[in-house]
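So, here's a batch of structures to check.
The same subunit A turns up in both complexes below, where it pairs with subunit B and then with subunit C.
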Partner chain A sequence: MSRRRRQALIGMGLLLPSAALVLVFTLFPVGYNLWLGFYAKHSLRATSTWVGLGNYAQLLGDPDFWRSVWLATEYAVLSTALQIVVGVAAALILHQRFPGCDFLRGVALFPYMIPTVIAVFVWRWLMNDLYGVIPYVLGTLPIPMPAAWLTHDTIMWVLIVLSVWTFFPFVLVNVLARLQTIPPELYDAARVDGASAARQFAHVTLPQLRNVLLIVMLLRGIWMFTKFDVPWLLGFGGGAGEAIRTLPVFTYQRSFTYYQAGMGAALSNVMFGLLLMAVTIYFIAFPPAEEANDA
Partner chain B sequence: MPERTRRRHRGVSTAGAWMLRLGLFAFCAFPLYWMLVSSLKASHELLASPPTFWPHEWELRAYRKLFHETNFWRYFENTVAVSALTTAIVIVAGVIGAYSLTRYAFRGRTLVARVTLLAYMFPPIIMLVPLFLLARELGLTNSRPGLALTYISFSLPYALWILRAFFQSIPLELEQAALIDGANRAQALLYIVMPLALPGIIATAIFTFIVAWNDFLFALVLIGQDELKTLAIGVNDFFHMAVVDWGLIMAAGVMITIPALLFFVTIQRYLIAGWGAGGLKG
Partner chain C sequence: MSRWQRDPHLQRLVAERHQGHLSRRAFLARLGGSVAGAAAAGVVGHVKPAGAQKKVVVTMWDTEPNPATRAAVKAIVEDFAKLHKDIEIRAEGMGWADMDRKLQAAMAAKSPPTASHTQTYVVTSFRAKGLIEPVDDLVKAIGEDRIFPSVLRWLKYPDGKYWGLTHAWGADMLGGRGDYLKGTDVDPRSWKTWDDWLRDLPKLTKAPQYYGLSLSGLPFFANEDVYMWAGSNGGSLFDAKGQPALETPPILGMLEFWKKVRPSLPPGWASHDYLETLSAWATGKTAQVYMWGRTAGYIDQYAPPDKRNPEVFQIWPKTIGPLGKAPLTQFDNEPWVFYADAPADEKAAAKEFLKFFFKAENYRRYCDSVPVHLNSIFKADFQDSAYMGHPERKRWKPWLDAQVKWVEIGRAHPLLICNPQDMLVPWIGDVAAAPILADMVMAVVERGKDPKAAAKEASDKISRDIIGKAKG
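And now, the complex of A and B:
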């Protein structure tokens, strides 16, 4: 056996455990899911019936499905946009040196490190309709405010604010890392030309952040669109949960409340298809022209 | 601009900057402060209106209830066990896999790397139904290794991806020099590559651990027996008690957050290193 061949065999051998695990537990389930989408199947029983495109046809005519797609889109777009705004603002604040800035950097990462279940329960308590501290404080302000927030009309906003609180540190860390690599000479030049702080931000900082913001937007958008635990934990056990029944929650309910595994699989496939579409549009709108070497 | 106005200007902008810093601090820290004081208030004060920002009476009732009347420690132990098992398998398989992907030439290597990236993009919820059915088929529901296997399914692709990036950044020449000096492949890996890749390996291990530690969905679907529940679904059950005890839930939150924060503060350095390389999923 040639040396080259032996090396190749060793290489494949070392990769085997990972390849086997990914094949069995990642790729096989995805393929299995595509196939399951063509069946009517109870989640707990072994039997299944071929229905062809029946599951998908049923979804097309189901207003609850369309509503869940809309809610997931609304949630993903608004929460991602706000995470980026808050994350960039926080990065600009923390990019300066001031007494206690290391401490504040640590504190700003806390929300991301807290298990989701805890983050959601803390916010349910902060916003509690009877005893919540935030509705109380807002009630003392001289502006008209809803008396209760975990209701049908307002729970989406609570969901968005809570999600921004939990996930903005992801944006913060990526943007802060990028800010630190912007050459200070660029700002010196802008200042010599008499640019104000606002103009420096618009003409020096933002163009430099473009690539990292695009990648962060893509990743956060995907993760928010497919987020199950936050809306589920915020909404269950109350009638208002219906107002934040996003596509992932709808999928979970079909699969494990109604035990329609085939329908659940079809929904997962729809979710995947929608993501592929969004990613394709994203790459057409923002072609990776200059090699994205950051983020 | 006359000197005095300029100074006043700077005074205003410093005050503004401190307002922003305080605002950011309050936004991040207040929910945590509220969790802590809520867990230490007496029951009647917890439900007082208006709420008290600094408790009049301090009480450990909620913690006593948490430790003596719930299975909290059991949940804690299960979570640590499942997260540790996941991390161990992902790191061992990931390190040798990523080493192979960056150090050996064989057909299909690029394809494997691309498939890994694709798998990294799959949101876990898409695999919910098939993983559940697969776990049932294999008798892996209500089992800690079964739960660990599902976490591996979405942690391993991204561990491979991040580790591959770390290994690529280690110059091949270093190993070649060691090989010329008479070291064998295993020694080169152990003494040259591993020490240099260690920050990356630690960062990957932390991310993997956090994914498993935070998961709610798969534990909810795969674990039904109380003795096997993880913290996420165990604490979720506190909500289904006849009367919701907010003090108890906040106490559980504090007890879960403290070790996570201590751990996080000690490893912050590695975490930032890993963030730059690939990011944390979630």
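And now, the complex of A and C:
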């Protein structure tokens, strides 16, 4: 055996455990899910029936499915946009040096660090119409307010605000890290040219943040579109929670409350396909800039 | 004394090394060999003949997670272990929602617990799918004739077999705040019909201080109100063939009634969970609530000390709809079931445990852990001064009497079972698990949809997504 061939074999041997893990824990579940989507399968039974594209055909004609796609999109777009706005604003503030800024940088991460279930249940208490502090305080304001917030009409807004509060620190950390690497000479040059603070932000800061923001927006968009725990814990998929029955919640309910494992698998595949399409369009619309442009 | 000091071989080795007869390398090599040999001999020496130490491990899941009941179960399990060294009982308590998910995962993995608590509709569904086994031998061993007929009624199927055994029973009640009647002309004892109730609900509402009635909008609990009100209006969710009967006049009437009740509910009722309704009643944020005996615990926890009594927290009558003849309430009979896929020796051991569990001295400890909620399945206990003389049962006697009365008149039915024949609908468990009925209510009450259209949509979903899939 030649030395080259022996080294190749050793290399492959070393890769084998990792490849096996990827195969078992990633490719197999994905493949099994794709396969399951072609079957009608009750979650509690071992048997299944081949239905081909039947599950997908049924979805296309199901208004509840389309509603869940719309709700997931609404939630993902609005919550991601607000996370970006709040995260960038917070990063700009915390980028300044002022007394207590280090403390504030630590505190700002708090919502992102606490377990989701705790965050959501705290918000459920805060927003409760009978005992909640927030409805009570808002009720004292001299402007018309809803009598309750966890209702069909308003629960989506609570979900969005709660999600922004929980996840904006991710944006903050990434943007703050990038802000700290922008060469100060760029700002000096802008000031020499007479640029106001707003123009410095528009023509220096934002272009420098572009790549970070594109990645953060993409990741947060994907994560919010597939987010299950927050909408589920806030609404439990029913009652007022019907108004936040996003695609992941709808998928979960098909699998575990309707016991339709095959349909649930088909929905997961659809969710994956939708995200794949969205990401492709996103990269066409916003191609990442060359690294050289950053500096 | 350490081991090497007792071992002559090791002592000789150490001595030879000290005296310089052995090199360091030779000493270590021989020491290693000795230790390995001793370890192997130790392992072999500790192995006992197969079967001599075999322990049957029994996994039992129940739905009574509160600390007092857990302590009682633990004590019973420990006492059982003293008598049965060859059986290990692993008893785990969890909430209903957790049980549902855990069971699904266990079933999918073909690794169910040995036995678990369930609801009657789950018994029906599992029985239809061949997932559980009859327990006639257990029921007979415990004493079929000692158990309330109203309990046995929901366990026996047309094949003449018992498919579960109730651990304890309870009946749902309408709780009302007696102190809120002052200054009103409301007399709940006069209530017979929905109209009577609707007439007085606004008088018991002083928003935002308190509301006339608290309901949970979450699917599991909305289902409870759907079938209780449907049954109280002379209807059923299923026809004689098990098909959805949601477009019938009693169900449409129930939906219309719900719309009329809505102004007396808290504005955020649709997101309230069941426990929130109980604490709302205990703290005075609502005048009425549908509740179980365990609510006494909430009252002791949250209500002002001077109000923790049945004069304030009263039981009020449930009413009938225009098409109904008698009100219907929920019967909580939660049977133990045994899973077909569990090993036979585990099931036999679990049955031994339950025979021990239902012995008077053990069972009494269990029931006493939540005295007004975990009601004994044995008729004689309700004539027994020791059982009835428990301080909590004496204190909340009106609650206990109300539950017994529901059972006596035969109008306490398990969840989703308006008519006894509904117990045989094979997909009833699937309907209970899905949010279809709650969605129907929300469509009408919260989104203003026409009841007929909402009922048709729900019927279509049951036919397509549940019955259609069950046949497929």
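In this text, the second predicted complex is superposed on the first by the 272 of 295 C-alpha atoms of A that agree within 3 Å, B and C clash if a C-alpha of one lies under 4 Å from a C-alpha of the other, contacts with A are read in each partner's own complex, and residues count from 1 in each chain.
Note that in this section contacts are C-beta pairs under 8 Å (C-beta built on N, C-alpha and C of every residue); 3 or more make two chains touch, one makes a residue touch a chain.
Because the structure is predicted, anything quoted here is derived from the model rather than measured.
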After the superposition on A, what does A:Phe98 contact: first (subunit B), second (subunit C), both or neither? first
When the two structures are laid over each other on chain A, which of subunit B and subunit C touches more residues of subunit A? B
When the two structures are overlaid on chain A, which partner does A:Phe201 contact: first (subunit B), second (subunit C), both, or neither? neither
Look at A:Ala148 in the shared chain and tell me whether it touches subunit B only, subunit C only, both, or neither; answer first, second, both or neither. second
Touch check for A:Tyr56: first (subunit B), second (subunit C), both, or neither? neither
When the two structures are overlaid on chain A, which partner does A:Phe256 contact: first (subunit B), second (subunit C), both, or neither? both
If we overlay the two complexes on their shared chain A, which of subunit B and subunit C does A:Ser43 touch? Say first, second, both or neither. both
Could you say whether A:Phe286 touches subunit B, subunit C, both of them, or neither, answering first, second, both or neither? neither
Which subunit A residues contact subunit B in one complex and subunit C in the other? 43-44, 128, 130-131, 236-237, 256, 261
Residue positions on subunit A within touch of subunit B in the complex are 4, 7-15, 17-19, 21-22, 25-30, 32-33, 36, 43-44, 89-90, 93-94, 96, 98, 100, 104, 106-119, 121-123, 125-126, 128, 130-131, 133, 136, 165, 167, 170, 173-174, 177, 219, 222-223, 225-226, 228-229, 232-233, 236-237, 248, 251-252, 255-256, 261, 264-265, 268-269, 271-272, 275, 295
Which of the residues in subunit A come into contact with subunit C in the complex? 40, 42-46, 49, 51, 124, 128-131, 146-152, 155, 235-242, 253, 256-261
What does subunit B use to touch subunit A in their complex? 17, 20-21, 24-25, 27-29, 31-32, 34-35, 38, 46-47, 49-51, 53, 89, 92-94, 96-97, 99-101, 103-107, 109, 112, 115-116, 119, 121-134, 136, 149-150, 152-154, 156-157, 160, 210, 213-214, 216-217, 221, 231-232, 235-236, 239-240, 246, 249-250, 252-253, 256-257, 260-261, 264-265, 268, 272, 275-276, 279-282
In the complex, subunit C residues that touch subunit A: 100-101, 104, 107-108, 110, 126, 129, 131, 208, 216-219, 222, 266-268, 270-273, 276, 280, 285, 430, 433-435, 438-439, 442, 446-447, 465-466, 469-470, 472
